[in-house]
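Letters are used for the chains, namely A, B and C, taken in the order the chains are written, and counting of residues starts over at 1 for each.
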Amino acid sequence: MNLPRRRMFVNITPQVEDALRESGIREGLVLCNAMHITASVFINDDECGLHSDFEAFLERFAPEKPYEQYHHNGFEDNADAHLKRQIMGREVVVAVTNGRLDFGPWEQIFYYEFDGMRNKRLLIKIIGE
Amino acid sequence: MNLPRRRMFVNITPQVEDALRESGIREGLVLCNAMHITASVFINDDECGLHSDFEAFLERFAPEKPYEQYHHNGFEDNADAHLKRQIMGREVVVAVTNGRLDFGPWEQIFYYEFDGMRNKRLLIKIIGE
Amino acid sequence: MNLPRRRMFVNITPQVEDALRESGIREGLVLCNAMHITASVFINDDECGLHSDFEAFLERFAPEKPYEQYHHNGFEDNADAHLKRQIMGREVVVAVTNGRLDFGPWEQIFYYEFDGMRNKRLLIKIIGE
């Protein structure tokens, strides 16, 4: 992934579903996590109003600026991204039942970038039979 | 689940233990998650003072009212529930050892409802042998 | 674990790698969690500036003192530790690929103690083949 903005939501449910289909696994677990420490994978609703509420909420508790408020920002400017990712979480674990993601009605998997405009990777690991 | 209040804690450890016993699995992992995006499953202490501290803590950071403070609340009134669930987490993964939940002395599993008075579901997935 | 201060970070990546090597498992999942409800296991960067940013961040949202602000503190003084652990998370699940922790460039596993100077335990469970 290389996203064009510092912060951005990407609905990755289709990619996880594709990976599950290719695996052929019918019963088990899917782990999906960001491989970088300034991004989150989480499950919530695909609703843009809610996403701007998340943005406002995270900026209130771990504001990006002023950069000097953070010790981590001696050489970097992304301390806020590390804190935001911690609130939203690194990973999700999802049940696989009958070959499908065992989801409730509104569950969708998102990648949430907090320090974009650089290459990032996502891990999808599927175990079961 | 259909809980009588907007917000409520339910200790679901006995249900998870029952599911584990029925599965016959001796070594593996249990995933337990809310299937709805306005509820959490988390592990902490079964102590009512602590639960009211969680309530106060979450209301401070993602207050229910005024409803208009959230973009998500154009047609809904539960944006705070989505944010609260994100702080508390969606799921827990617990080790199974010798057929039992491999818990420390005070670990208990809770379902935490943030938008009750409607039908909700909980998922328990057990893998192993 | 018995750490000499109330709050402290310990990089436990080497211990988890040792446990993985001993298990002989090549493909699967590692679960690593605190067995106590006043400590976290999380994944982030091993950078001491960032760690002091986490400290400041958590103290802002769940301050240790005054102790009387928390209902849980009738007989205890550690309500803040329960809240801090909830923000930072209980557990991590990490993919195992080719016998190694399948990590991005900066991912490191930490034990974060919020109520130290007493015996605590950590659980590492590895499943796979």
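General observations
One rule holds for everything that comes next: a contact is a pair of C-beta atoms (placed from the backbone, for glycine too) under 8 Å apart; a residue touches a chain by one contact, two chains touch by 3 or more.
Everything numeric here is computed off the predicted structure, so don't read it as measured data.
Residues touching across the subunit B and subunit C pair largely diverge in numbering: under half of the numbers involved belong to both copies.
Rounded to a multiple of 5, the C-alpha superposition of subunit A onto subunit C involves a rotation of 120 degrees.
Between the Cα centres of subunit B and subunit C there is a gap of 20 Å. Each of the following residues of subunit A touches two or more other chains: 29, 61, 87, 89, 93, 127.
Across the complex, subunit C is touched by residues 27-29, 42-45, 47-50, 52-54, 57, 61, 87-89, 92-95, 97, 102-107, 127-128 of subunit B. Residues of subunit A touching subunit C in their complex: 29, 31, 33-37, 61-62, 70-74, 79, 82-83, 85-87, 89-91, 93, 121, 123, 125, 127.
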